[in-house]
Amino acid sequence: MTWDSIIQRDAPAAPSRVTVSPDGTRELTYLEAIKDALQYEMRHDPRVLMMGEDVGVFGGAFKVTQGLFEEFGEDRVIDTPMSELCMVGAATGMAFMGLRPIVEMQFADFISTGFDSIVQYAATNHYRTGSPVPWVIRAPNGGGLRGGPFHSQNPEAWFVHAPGLKVVTPATPADARGLLLSAIRDPNPVIYFEYKSLYRSVRGFVPDGEAGLVPIGRANVARAGADLSIITYGAPLHEALKAADELASENVSVEVLDLRTVKPLDVDAIYATTRKTSKVLIVHEANLTGGVGAEVAALISQHAFEHLDAPLVRLAAPDIPPPYAPVLEDASRPNKQKILDAAKKLLSF
Amino acid sequence: MEFSPQLLERAHYWMRFTRAFDDRLSALFKQGKLVGGLFSQIGHEAISVGAALALDDDDVIAPLHRDVGAYFVRGMTPARVMSQYLGRETGPSRGRDVNMHGCGDLSLNIVGFISHLPQTLPVAVGIAHAFKLKREPRVAMNFFGDGASSEGLVHEAMNWASVFRVPMIFIVENNRYAYSTPTARQMRVENIVDRAAGYGMPGVVVDGNDFFEVHETTVQVVEHARKGEGPVLIECKTMRMRGHAIHDNMSYVPKELLAEWEQRDPIARLELRLREMGLLDDAKQTELMARVVRDLDAAQAFAENAPFPDPAQLTQGIYAV
Amino acid sequence: MTWDSIIQRDAPAAPSRVTVSPDGTRELTYLEAIKDALQYEMRHDPRVLMMGEDVGVFGGAFKVTQGLFEEFGEDRVIDTPMSELCMVGAATGMAFMGLRPIVEMQFADFISTGFDSIVQYAATNHYRTGSPVPWVIRAPNGGGLRGGPFHSQNPEAWFVHAPGLKVVTPATPADARGLLLSAIRDPNPVIYFEYKSLYRSVRGFVPDGEAGLVPIGRANVARAGADLSIITYGAPLHEALKAADELASENVSVEVLDLRTVKPLDVDAIYATTRKTSKVLIVHEANLTGGVGAEVAALISQHAFEHLDAPLVRLAAPDIPPPYAPVLEDASRPNKQKILDAAKKLLSF
Amino acid sequence: MEFSPQLLERAHYWMRFTRAFDDRLSALFKQGKLVGGLFSQIGHEAISVGAALALDDDDVIAPLHRDVGAYFVRGMTPARVMSQYLGRETGPSRGRDVNMHGCGDLSLNIVGFISHLPQTLPVAVGIAHAFKLKREPRVAMNFFGDGASSEGLVHEAMNWASVFRVPMIFIVENNRYAYSTPTARQMRVENIVDRAAGYGMPGVVVDGNDFFEVHETTVQVVEHARKGEGPVLIECKTMRMRGHAIHDNMSYVPKELLAEWEQRDPIARLELRLREMGLLDDAKQTELMARVVRDLDAAQAFAENAPFPDPAQLTQGIYAV
């Protein structure tokens, strides 16, 4: 740490309550799990560094990186000028020279400002030249925080359409840590969407050390069931699980598949759950048209068509910018009730 | 330059009103009546009010998140801005956009900004370009920050404005911080205005906490642009006196720096000058403050009684018809 | 025209061969039809202007705008600096002031450089503020010209996912003219993808004057049929029609639906053809994953599911940057033979 | 500065080779053996060769479409470049990328560019940044054009390089045109280098058609950057002597301008100086030209006999494993 001669420090934040379970896992919030992965990897791999706007001294807009500047210093936790496009390009250059940069977008919404560096340069590089581009972009995703049209977006589908990227969307603390470790170690450019609405609202047991690495490209059956599949990812997973709980009490057995990675998709898991239940409801927070749900539906309707016995239903935000007013934002986001309604309608097909 | 008493009175009212509006919003936030982000503009009153007062009604202004005063001067009523903050149907975005974002109204010649900084800049340049193409004697004015100055689009917009010699006034509010990032980490120059020369454009630095200097300079620059002599960059030096937004206690800002700038408070300085000029006394001050509170209460009452948007209309208006 | 004091002019290009049919339509190439629409609209609406890199004196990289600078002058045919992001933003500002700007991207590939101005500012503006943004971006789309990874892209799906835009993809001279007129008159931001490979290879009769306006959002049954539907848009339409011809000679009746607009989609036409044939093959030039075809398949699999009697098949470019080497580019593009193969497989389901 | 005979001989060879390579590609194009775009670099030889010769092997270079000479100097063989143009498996992109695009090879410390200008610039800046972080005494050099200079990313990259004081050399090749657009329509300044001051960065203008000036300046600047004194912008004034690409007859360029620059041909000037210095005579010239043709024939033969890519591998390599 060095550029803080001018800075007066707060008293350090109280350490968060960490519960350790008998098998050595710790109970962490989603946010703590992300930070744990960053810290773990930076401690073990000197090539790893981080950069972004206000990630250093300030600890990031969401305080995900708090304390890392103090631990790793200004060469590894780099506060940058406001330049998303240059930031991603610089990460590519650093990656070329053997470093493993992690870029934080202050909000996922601003990833579009770095678009060309991502989809044109980095994504295509390995195919065109054979040189890998091992970087990670962390992008705080989604709504629910009354952030309005430019602090609530879910832009993952743009990157799913761009050849050469990997895109992950963890929904639990364990996946948040496990996928971030995998993303940092992956030789490809990986976009890691982390859900703002889950940062402090979700806790869970998370393995320490090398345990709990979650492979990119593998979905997870978050709840097994037989009557209907809900395929989802990111924040709505928790709404889907609540809906499944409620349906269970009505004797309906719902399988919830958490994609976890939206590029490349785990097609085997998608087809397996389709075969099992024959009825699929796809849920995501991003707007409907051209979203990831469309790709999932298209894959199923081509490759698991014979196993379907009902229409493929998508539940997503409408095709509007995420609105601010709580009454509008709430109406626009998929939630337990909407999932229940859609599921029941589908079950009665 | 002559400053008429009427002008000074307007400036005084709106600077005071803006400050009070800012304080009121913080109070509402603490009461939980306002959710989402809240940006304080304290310390920026001379810039927003001083520059906006240099424009004619026909001119277009594109202010930013710390330019609330400019919206007011240009006719966006406090009741509407307050409605926007409270997510009501009566705000300029009808509850769709948040806080000062998208707080525009083209019928008032105010262009709203979006978060992606500085996306409004080329829009304002295009507006100025339209004035030139249509041979209308109007100008456009756009604000941006020291942080936003690092974004590539600032370069494109300044270059474009200069190549096409459009009637555009760029105002950069250098308030020493972009969120937690001090200007020394944002650029390796002392003055952003040094970049104007690279576009063949005049640039001028003003004390952003001095209403008289801001206003006089913008008046001159507006005239320059209106005469067809092309764009100008004005750098207003100031200090962000609060955190980036209300959640930020700005522990990264040295206390001495804040104390130093406290001494240069734009409103205190304006009022001192007004007293020196014999235009202000205790009675007038009291009267003005009472008017501010009254108008503010009315705005708040309007907003708090205004309806929320109708969720049945959630998906309406995505396309113009 | 004024900034040409320094410019030596070529002899004017020979006028193209124009055939006029008895009903007053003229036979034009796809490129001529685009230019005709530009010229017609600029002659009739003084608010319309054009800008882009090299669109003026040079007449555009593809010579689509040749002659317009001479006719309309430098205030209405504006050569800009290389600044796609600013260009789109400036168009928005001009639109706010009552003008009707048309922006030319030199290649559709460079539209990503103007991304934020399009998807964040212009697209969302009417929803957020109620002010319309009537501009058009013309983007020369697609491959087949040996342009390699950055001069052959088909990026329309990104914009289909962005709320607030309209996206059109004409495949014939008549639609090229008719949709461009509609796009210019539309009060919304419209992205007009024109196909480079069709510029001079396709000719057709095109109405003059106000006739032949093609509404945005309306698909066209390019060929009626009963056994199988091919849903497509843009350049591959012509390959689909050839395949349909060939299948007709084998007594298979293929319906070819040309979407023409990919946002908003003509869902009624999509469902109608599905109901008619029950077998759908979706074809596009853009890469597969997250492409427009996914949305079409998802819509059918939800809303016309009961009418399907075979899997929904998509045929598209693979998920790679468009490769340069002719042998690779040819292998990556959908063509008549691949359409035939896919159609036959589907017919035998 | 001393120019060793060895260095001058190398420069002479590569400048001549580059020119001949350029002519040969045009011929292949006309024969229909080469499809897609073809950019001539005629007139740029002193810049590409002069600047590249200032670097050590460990330094990284990111040249552009008119810097073929730089690729050669840095060890990208003509056979590989020719293979790339002919879409063969033996080109650096194995037929995936087109002409000079993506013509990089990190094992040679050459970074390829992509069409989206100037997307390679931040990549080179990141490379220089990595050198600084790793405390390696290496520098990065990136080329861009007068047209690309209008893109916002140039601003971001120069500002970033300057804020972090990375060992980066920016070379802007001001060849007076960007496609059909003359610099006067691209910017309202005479010298792009005037922008360096706005980043607190030194800037220098050189005659881009004078090998000696280009090389001497780049050597000094490389030393400056290598010592940790931060980035520098060099503007090379030159003229694009052919159309933007081979399809373009550049009727928009005044004939007198071309005639004037014809007089400043960088190769003719180099050869004149070499003769004056007693380093070149007719015999040596003949020998060198024969070597150029021989090497060029070999490269062409290699490329023409090389296999095309295997379409069965079309989708391979999208991910690194």
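In this document, chain identifiers A, B, C and D correspond to the written order of the chains, with residue numbering beginning at 1 in each.
As a working rule, a residue touches a chain if its C-beta (ideal position, glycine included) is under 8 Å from a C-beta of that chain, and two chains touch if they have at least 3 such contacts.
If you're wondering where the values come from, they're calculated on a predicted model, not measured in any experiment.
Among the remaining chains, those touching chain A as well as chain C are B, D. A centroid comparison over C-alpha atoms places B as the chain most distant from chain C. Here the CA centre of chain B is 41 Å from the CA centre of chain C. Centroids built from CA atoms put chain B at 36 Å from chain A. Each chain gets a centre from the mean of its Cα atoms; for chain B and chain D, those two points are 45 Å apart. The multi-chain contact residues of chain B, meaning those touching 2 or more other chains, are 93, 96-97, 102, 114-116, 150-153, 156, 159, 163, 185-187, 318. In chain A, the positions touching at least two other chains are 81, 83, 85-86, 109, 112-113, 116, 120, 124, 127-128, 149-150, 163-164, 319-321. Chain contacts in this assembly form a complete graph, since each chain touches every other chain. Looking at the complex, you find that chain A touches chain C at residues 109, 112-113, 115-116, 119-120, 123-124, 127-128, 149-150, 157-158, 160-161, 163-164, 263, 265, 287, 289-295, 297-298, 300-303, 305-306, 308, 310-314, 319-321. Those residues of chain C lying in contact with chain B across their complex are 49, 75, 80-81, 83, 85-99, 101, 116-117, 120-121, 124, 126-134, 163-164, 166, 187-188. Residues 60, 92-94, 96-97, 102, 104-106, 111-112, 114-116, 119-131, 133-134, 140, 152-153, 156-157, 159-160, 163, 317-321 of chain D touch chain A in their complex.
Across the complex, chain A meets chain B through its residues 3-4, 6-10, 53-54, 57-58, 61, 79, 81-86, 106-107, 109-110, 112-113, 145-151, 318-321, 323-328, 330-332. Residues of chain D touching chain C in their complex: 35-37, 87-88, 93, 95-99, 101-102, 114-117, 147-148, 150-152, 178-182, 185-187, 249, 251-255, 257, 308-309, 311, 314-315, 318.
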